[in-house]
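There are two complexes below, and they share subunit A, which is joined by subunit B in the first and by subunit C in the second.
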Partner chain A sequence: MAKKIVIDPITRIEGHLRIDIDVEGGKVKNAWSSGQMFRGIEKILEGKHPNDAWFITQRFCGV
Partner chain B sequence: MLEGDGLTKGLSRISRKDFLKYCSIAAATLGLPPSMAKVLAAEVKKDTRPPVIWLHFQECTGCTESLLRTSHPAIGQLILDLISLDYHETLMAAAGKQAHEVLKGAMSKNKGKYVLIVEGAIPTKENGIYCKIGGETALSMLKEASAGAAAIIAIGSCASFGGVPSAKPNPTGAVGVGDLIKGKALINLPGCPPNPYNLLSAVMYYLTFKRLPKLDKLGRPLFAYGRTLHDHCERKAHFDAGRFVRKYGDEGHRKGYCLYVMGCKGPVTHANCSAIKFNEANVWPVSTGHPCVGCTEKNIAFDVSLYKSPKILAAKAPKCLEKEVIETFEMPGEAKERGSGSMVGVAIAAAAIGAVAGFAGAVAAKLPNKEEE
Partner chain C sequence: MLLAHGLHDHTVHFYHLAALDWVDVVSALKADPKKAAQIAQSISDWPRNSVQEFKAVKEKIKGFVDKGRLGIFANGYWGHKAMKLPPEVNLLAVVHYLQALEYQRYATKAYAILGGKNPHVQNLCVGGVSTAIDPDDDSALNMEKLLEVKTLLDKIISFVHNVYLPDVAAVGSFYPEWFSIGGGVPNYLAAPDLYLDVNHSKSDLPGGTVVNNDVKTVKKIRNANDPYWRKNVAESIHHSWYKGAWIKHPWEEDTIPEYTEFDGKKKYTFVKAPRFKVGGKYVPMQVGPVSQVIVGFAQNHPLTMKWVGETLKRIPKQYRKPTILMSTLGRHAARAIRCAMLGDIAVKHWELLVNNIGKGDYSIATDFKYPDKEIRGVGFHEAPRGILSHWCIIEKGKIKKYQAVVPSTWNAGPRDGNNQRGPYEEALVGNPIADNNRPLEALRTVHSFDPCLACAIHLFDPKGHEINKVKVL
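The block that comes next holds the complex of A and B.
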């Protein structure tokens, strides 16, 4: 019987990360990582002038 | 080194000289007379550290980084020593379930007493599924955490007004704290990132006077956002004299002329960047040769092109701009009416007079703000 471990939030990082782990017989059988935050920066960039893009994409991550 | 009483036990890495320096800077930022620095210092040393819960939503952690990575680390240290930071995902050791328990514990233990600091916008579309922490949406977390908060500080442009995630077409329905939470003491400290001195000053003000500083219509403290950047800009003399950068790298750019024609939003942007500056190295965007992008105003930085200049009343702009076609934009709402009121008239065209006006601006930047008590 697989045991499920969820770590959410992962701290000391930028952003919101979640880890799901399936453990079977004391060993990791499967694992998933997922970003839990979506802003749609690509959608925001659509239709904007290319010269303005750096200023918006720069905001992906402030670290 | 400071030793002994209360809070200062934790300040072992800050020298007394530095501590008093920061108190003086905070007093100056608040527009208080220099003698108040000692009052701030005394209040701060009382060890009445307010519990603080710091939540991250749709953000890039840039606000936290700007606080922690100041070139002189003591200011970040000082802010963290002034408060009891009970929850902060970037800094805490706990993760997952334990982190969640820390948050719930801090909220129930300090109910009605804690200061809630919010970094990042809150997505509202599809019931807020675009930002989840520990399975809970940002939307429900904010509602729960703000219910028990004594005061809320929205740090950065995202938490204040929605910032970059709320730029058109706002795919996730991102909004600022003030759009969701009504009837709570809320301070907006917009900026991308905001200056850590403004957070320090707001916290010191709250600790000393036990109330919030005076705010403008957008919820921003007047001590920091009461005037436009343009008022204190070191390049203002060039604006008044009609000397502009026309192209990046041209002669005017090399000589440090005014960046208005290149799209500088300084004349309509309310902030103290030009007076306080960043990184304790006396720099800010305009001093490095880039126009202000207007990040402390609502709906400017990420919605208006970097290369569009704010429309200035014809009578207020230098005469040499009269016949030129400059791509401009209209200010939305409130900022428009106030933004245009503070310009020096075209009469000041001579370079010499312009230089004097610029110097007066720089001096005024160091003086107490009359709008604050």
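The block that comes next holds the complex of A and C.
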């Protein structure tokens, strides 16, 4: 029987990531990657002037 | 600006975000600083590999540990059985970790001089930049500022060529099994970038695709208008917390969140699953430095070949083949290779800019008027984490639809409608896990992609502030 390990959150990254793995016999059998946040920046952009898109989308990320 | 950003980002990723998966800081206390400095001097003639500097760093860590205050090193899987570096190599890596904090600052400063500040540059505009160029004006971009940029770039480039790249090869050589673990999805996608003409016909970074781990399958992508690129991208939400279950082209899709509980068989993430059509079938693609290097290698791109060669000759002979790039450690090696390439290109592009100014070309932007009718466009860029594309529909001068398909969406995305796993997921399968309570090996593979989730997902979870919590169910 596989053992389920949930790493939530993964650190030393930007943002919130959860990783689920099934481990059997000391090896990963299966894996799931899950992004734990919703931003909605694309929705904010609708109806805006295209010249403003660069500084709004810039706020996706500061890296 | 892009080059200063890339030089900064790759260096910080290796030393500050990923190296501690391989380097045991506490073990460095057992090191003989003299021996450690000798090892460092044997792999590079970097002037700051002195015995004095190595001794000073060892004393500094000893001070932290004796007081029980590890500070930035407080959380780590120290003493884990999968940590294999000898104490001297651990000390070497810690010394360079601290030096990297200093050198990354030079790259950031160069970026800020050109762009106003970092992060979130202030001088972009559609068609160019808003920073005036005038050699006779103190407040504009003039030769004095450009020379400062060059001095700063030279410092970070020297660090990348003499410290970062040799360190990746040295650390990697102690973990050769990781050259064949964690390859995962065998398909690679990269954007051409750093164009040399306004028509985007020639670029300094190569773009294209390679599939099935076979360099002979390489197909070039020339620019964002290339139909091979524009026609073949789609995103699936079969396993993502959005309304519906479909795979659609970025111009056709929508983004309506619909959260349901985590269910690995149904929906389990806010990240969509981008796919690329190859031979009539949508397949997952790895993106990032590994893709750029593999795509460049497959095209015999001279600058890629130069730095792949420089890197391979630093690792033991039996592992010296380009296929080692298709692995967890390979992603780190490829990032160092790409960073070294960016160093060479940064010098070239600085010279191109100065030569243009010398000829009296002070133009900074091309004006653009939006027509009333509906127009569709896509722009892309090879960001530090891989291909970044923004797909936009504009009507009557206003944005009608906007879709960003970003690097970490490609890599961190879930399964699609055909149950094909995304790149993180596929790369994890088969990884060894020595200790279920401290799954260091899984972190190694996930970190090797350089995850950046803020972009990948288009409200914060307050639970996200806990550190390194591993729940074993």
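FYI, the second predicted complex is superposed on the first by the 63 of 63 C-alpha atoms of A that agree within 3 Å, B and C clash if a C-alpha of one lies under 4 Å from a C-alpha of the other, contacts with A are read in each partner's own complex, and residues count from 1 in each chain.
Convention: a residue touches a chain if its C-beta (ideal position, glycine included) is under 8 Å from a C-beta of that chain, and two chains touch if they have at least 3 such contacts.
These numbers come from a predicted model, not from an experiment.
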item	value
Which partner, subunit B or subunit C, touches more subunit A residues	C
First, second, both or neither for A:N51, with subunit B first and subunit C second	both
Partner chain(s) touched by A:S33 [first = subunit B, second = subunit C, both, neither]	second
Touching partner for A:I41 - first (subunit B), second (subunit C), both, neither	both
Touched partner set for A:I7, first subunit B, second subunit C, both or neither	both
Doubly contacted subunit A residues - partners subunit C and subunit B	6-16, 18, 36-41, 43, 48-49, 51, 55, 59-63
Subunit C contact footprint on subunit A (complex, rising order)	3-21, 23, 26-43, 45-51, 53-55, 57-63
Partner subunit A, residues of subunit B touching it in the complex	56-66, 89-97, 99-100, 123, 130-135, 163-165, 167-172, 174, 192-193, 293, 301-302, 305-307
Interface residues, subunit A side, partner subunit B - complex	6-16, 18, 36-41, 43-44, 48-49, 51-52, 55-56, 59-63
For the subunit C and subunit A complex, residues of the former touching the latter	9, 16-18, 20, 75, 119-121, 124-126, 241, 255, 257, 259, 262, 264, 268-271, 370, 384, 390, 392, 394, 397-404, 406, 408, 412-414, 421-422, 424-426, 428-434, 436, 439, 442-443, 446-447, 450-461, 463-464, 466-473
